[in-house]
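Input: structures, listed below.
Each of the next two complexes has chain A plus one other chain: chain B in the first, chain C in the second.
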Partner chain A sequence: MTASTAQPHSASAANDRRQAPMRGPLVRRSSREGFKVNWWLTALMLVASLTILLPLYFTVAMALKSADQIGTGTGLAWPLPMNWNNFAEAYVATNFPKAFLSTAFVTVFSVLGALASSSLVAYAIVRNWHRKFFRGSFVYLLSAMFIPFPVIILPLIKQTALLGLDNPGGVIFLHVLGGISFNTLLYIAFVRSIPVELEESARMDGATTWQVFRKIIFPLLAPMNATVGIFAFLGSWNDFLLPQMMIADPALQTLPVVQMLFQGEFNTDYSLAFASYLMAMAPTLVVYILAQRWVLSGVMRGAVK
Partner chain B sequence: MTTTSSVGQATPPSTRHTASADSPPVGSPPLRQTRDKVDPTFYWMLIPVLALFAFFITLPALVGVFFSLTNYAGYGDWKFIGLTNYVNIFKDPAVLQSYLFTFFFALTTTVVVNVVSLAIALGLNAKIKWRTGIRTVFFIPMVLSALIVSFVFNYLFSNTLPVLAERFGLTPLASSILANENLAWIAIVLVTVWQAAPGATIIYLAGLQSVPSEVYEAADLDGAGSWRQFTHLTLPLILGYLVINVILGFKGFLGTYEIIVGLTGGGPGMATQSVAMRIFSGFTGGDYSYQMANAVIYFLITLLISVIQLRLIQRRGVSL
Partner chain C sequence: MTAVLPSRRLLLKAAGISCTAALLPLSACATSSPAQQKGVTQLRFMQNKPEVVAYFNQVIKDFEALNPDIHVVQDFNEGNFVPSLVRNDPPDVVTRGFAQATADFTRKGVFADLSDLPSAATIDPKVQALVNSWGQYKGETSAIPFSLAGAGVIYNRDIFAQNGVAVPTTWDEFLAACEIFGAAGITPIYGTFKDTWTLQQGAFDYVTGGTVDVEDFFARLYAEGADIREDAPESFSSNFGPALPKILQLTAFTQTGASSKNYADGNAAFGRGQAAMYLQGPWALSELVKANKNIQLGTFPLPATNNPADTKARVNVDMALSITRNTPNRAAAERFVNYLLEPSVVNTFNEKNAAFSPLMNAPAVGNPQISGLAAYVAEGRYYQGAGTYFPPSVPLGNYIQSFVYNRNAGQFLRDLDAEWRRVAERTAV
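Presenting the complex of A and B:
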């Protein structure tokens, strides 16, 4: 939902290619012109990648500047000497540890909730597809994808406030429920590919449905768990709208919302602001760089579904 | 028999021996259409989620529709006023302006995002050196918070760019484009493209990799050039992916919010105020019921667009 634009589609095209993506040059049409590297295109792509790298460089450079060094320049020059103190000041100004913990709390439980709820729902629906109630539930959950978020937000905020859910806990609920249509859709395609025979032998041995799910189905869902987990993680960590509107106590706000602090009309302390931006962006950036192959293959799996 | 026993023990650990005891091996819960009895466990998996979903998603939607027919300000007394809110919305230039801006923005951004991300996907799929590294870089925006990214670009547009423009004598750009009501939308489109392109690129990449290499070998033998191969082979073969990107993109961009908050806050004046921002203003502006009517109209419009898009897909027979 709020992760919106980065979401992959749900069509089942190219299902048979599921294993292929992101395997490196092997699967590509390398036989076409041998292995000749296209240097012109490489150069073009390198130049194009500057559109991504420059703003990031700029953020780092700004975060290391003192107020004097920013002055009236472009902000693009690398600061010498570097002013590491900005991070310490931003750490205090935003109460970073608290915002970080709040964000981490929301993210961890949103991810766990998304994994548990949508995999269970998908399993129940697929195995009872011939029953009207389950098929109807599927259509009902899916119909939520047509309801834009702005439509429910105002009554929703009132409702959660009445229930005392105007805190990170309430945000978790909404993150899980808001993503459930899409995540269930991802899981359903995957559960369908698991043969029922796998379960039947376990049931012969007297396993209950819960046991079958925990011991057989859920482990088999591992690749889809990764995909759903990545989307849930990114959507939850970076979400601004829901925490901003729902969490009443400013002390419990999440990292993206805390950055609003630097948008005051009279605030000109840009070095502090950029140090803070960088600290808020760093966790996802570091995780992504370290696990990029894994993250991309997970996202790709979502894309071909 | 089995019904009651497992209903009472929804928690996994305790079901272990009882369930196996009273469900005979042959009659384990039906998996296909073998019997009429459903294993109640399946209801336990589904119903709690359904209930929460109804309560937190469906109920607010209904409550919203209800209050759109009242004069509720967000607090205090209210009474029914029928369709007055709806009538007023059609006469409200601020609301009309926000719809015009939002649709113009969503259309433009959809086109630019798809052109850019298809180009990137083609580049990443071609035989380039350091593919993994370049790919890593291009997908970075996907993991960053849109709001923080917009704050960074805000400074670039309002300070860095004017200073640079002045240095090179480009006077039209010497003042911040964010403060110019005719140009501010360009900044919003650019940042949205920056942020949304990786998601679309991934889908295109998946599409490009689903095209078997034999197709290109055949085209090479026939002497088709790269451009002809692109327009006659690649494009038709990945049409389904393009459709998906356009639909998802357009729908997402209609709800744009964070990037505008980070760049212009809807300004200058109301030049870049999106429908979503208008609706959210009902939260603090005392016109709660009025903005709920706005939200209902917004919902109907997006629904209409979705239906039209689905129809078009069916008519053209695009296989998804």
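Presenting the complex of A and C:
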């Protein structure tokens, strides 16, 4: 969502830059007027950004409230005094480090698995498109997108239990498997645009298929890797249903499931819940801020292809 | 074709064998993975209330100190119960709230018979009967009640005192009290109709529970199965009619705009003293106190007729203990359940959570918030809410909400009969 609000802004900035040199030599204006600000659009973007900032404000304010500050007022007021203790309490109650590690373990390997498996599959399918088997396997993979997940969850649980996969390892396996059809679809569109001539030159130098993939294709896939990686990261980090039903040992449970602790049937501990949500959100937020450039370009690429 | 078949079968077989060979070490490693110390039995204890995790952690600590050969792991992720059954690896000890959904497991024999446990003999037979009323497996005791929640009308003691209103004991007195509050400019009842379950749990269950013999009605209805007709003596149309005008009388005393308020709004508003009465169970008490530390609360059962002897409280078995049938740790699980049902553990829990202890000689309830229900619970003058008898596939709350809005009692009853028939036809074996 953050991406979509920032995107038009950067696009308009690029527009301005493109027009600036054209206008420059004709009418000599001061540099200040060269960057003409579209105030209407800016105002619109400011309002639009509230859709992100306001909920975020509520989350932070709520996380800092004590029990008796929650029910009072409109909810917009900043809590004074701030109750930093909520974070410590939520940290202890969820056994945060353990749940965090478990979630991180699942996420990291889900992302790596998604990148490795889908790119290999896509490469194999595209370069063997003239063979019936590969075209068929493409349709086979795509058909998985039409099966609603809740329909197959109980048989899957039975199956994974038989295989000894009722643990985070099984969640990773299913994350990779679940994403393979969509991710392959993305990759295939991208691999098609890579000219075969690039490969042929490598072949001339004696590269094997694996070397071609590893040294030529995979690096060229970088923008699509970013897209797939981001989707896989978000899907895996925020997943609730699969870990909730798959992981048998409560000690290995992931953050979104452990956070249910604060929501009883009739009682919700809002301040602790939001403190814990913020802590769980932090890595995603940090990754986004650091990787903003790739996130944006990645999202746009996914949109066009 | 005939020549190809055997070789294909052989191929499949070979693939199957190689697959199992590859997976064997995996599963072997999984079964031995739980860190089992020598001679220590590990019990998994799945309980259904995330808000009491801390209490049970303390209980488990005390239990382990007395029983060093048992290690108990607490799990509050109730969503994992069905998957654990599918995996054939359910937790050893389970607590669940008792209603239609849990009874499904009980009737299929998921839980072991606990009638021989020494602690089973200490339970009030009236409370045990509530659990058993949902259906038993071969006459066994599949669950032992641990906590009994009594619900009624929560009232603000200060507002009652300021207006000189006493706790009503008849329906007319109740209406008169509402009139007095209305005349004084105080909202008599705070309504939260946006959350349909609050209408179901409150107005619907309280009025029907006080005017209809709910348990008997549903026993007859279940016996009738899918053959139910509107004019049959077992139908909703034939039994619930007289109760419905009272529901409308009651909801007429709620504040304007009740249809846009939800449970959380209601807790905040009632906590701030914006109404005299609130149709909620004991689970709301802690939320009300959270909103206002100094609020003085009490609870009385809604008198739904003009005969005080008819007045009953709504109860539900909020937590009942079960041991799963195929647990390999039966002996250890029984020791843990016996410990949980020791008076010091079970009574303390219920005292802390504004609930009633299921023990035969439970101490008198000191909590003024629920003491108004104590006599009714002790005498067994209670019912389990009519709404809890419905299978989850009937959207009862929505039907009640539309009945409260468009006040068409005939339509409401016809809908209930039709819904009941629809589900009964579908689930009939």
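Just so it is clear, the second predicted complex is superposed on the first by the 243 of 305 C-alpha atoms of A that agree within 3 Å, B and C clash if a C-alpha of one lies under 4 Å from a C-alpha of the other, contacts with A are read in each partner's own complex, and residues count from 1 in each chain.
Just so we're on the same page, contacts are C-beta pairs under 8 Å (C-beta built on N, C-alpha and C of every residue); 3 or more make two chains touch, one makes a residue touch a chain.
Only a predicted model underlies this, so the values are computations on that prediction, with no experimental measurement involved.
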> Looking at chain A, does chain B or chain C touch a larger number of its residues?
Replying inline: B
> If you stack the two complexes on chain A, which partner ends up touching A:253: first (chain B), second (chain C), both, or neither?
Replying inline: second
>> Tell me the contact category for A:67 with respect to chain B and chain C: first, second, both or neither.
In response: second
> When the two structures are overlaid on chain A, which partner does A:161 contact: first (chain B), second (chain C), both, or neither?
Replying inline: second
> Between chain B (first) and chain C (second), which, if any, makes contact with A:245: first, second, both or neither?
Replying inline: both
>> In the overlaid three-chain picture, which partner chain does A:263 touch, first (chain B) or second (chain C), both, or neither?
In response: both
> Residue overlap on chain A between the chain B contact set and the chain C contact set?
Replying inline: 154, 157-158, 245, 262-263
> What residues on chain A touch chain B, complex-wise?
Replying inline: 4-9, 11-14, 17, 20-21, 24-25, 27-33, 35-39, 41-42, 44-46, 48-49, 51-53, 55-56, 58-59, 62, 72-76, 117, 120-121, 123-125, 127-128, 130-131, 134, 137, 140-141, 144, 146-160, 173-174, 177-178, 180, 196, 199-200, 203-204, 206-211, 213-214, 234, 237-238, 240-241, 245, 255-256, 259, 262-263, 270, 273-274, 277, 280-281, 284-285, 287-289, 292-293, 295-296, 299-300, 303-304
> Which residues of chain C touch chain A in their complex?
Replying inline: 23, 26-31, 34, 44, 49-51, 53-54, 73-77, 79-80, 82-84, 86-89, 97, 263-264, 267-268, 271-272, 281, 283-284, 286-287, 290-293
>> For a test of understanding, state which residues of chain B touch chain A in their complex under the given definition.
In response: 6, 12, 15-16, 19-20, 23, 25, 28-29, 31-33, 38-39, 41-43, 45-46, 49-50, 52-53, 56-61, 63-64, 67, 113, 120, 123-132, 134-149, 151-153, 155-156, 159-160, 163-164, 192, 194-196, 198-200, 202-203, 205-207, 209-210, 213, 216-217, 220, 240-241, 244-245, 247-249, 251-255, 257-258, 261, 275-276, 279-280, 282-283, 288, 291-292, 295-296, 298-299, 302-303, 306, 319-320
> Contact residues on chain A for chain C in the complex?
Replying inline: 67-68, 70-71, 93, 154, 157-158, 161-167, 244-251, 253, 257, 260-269
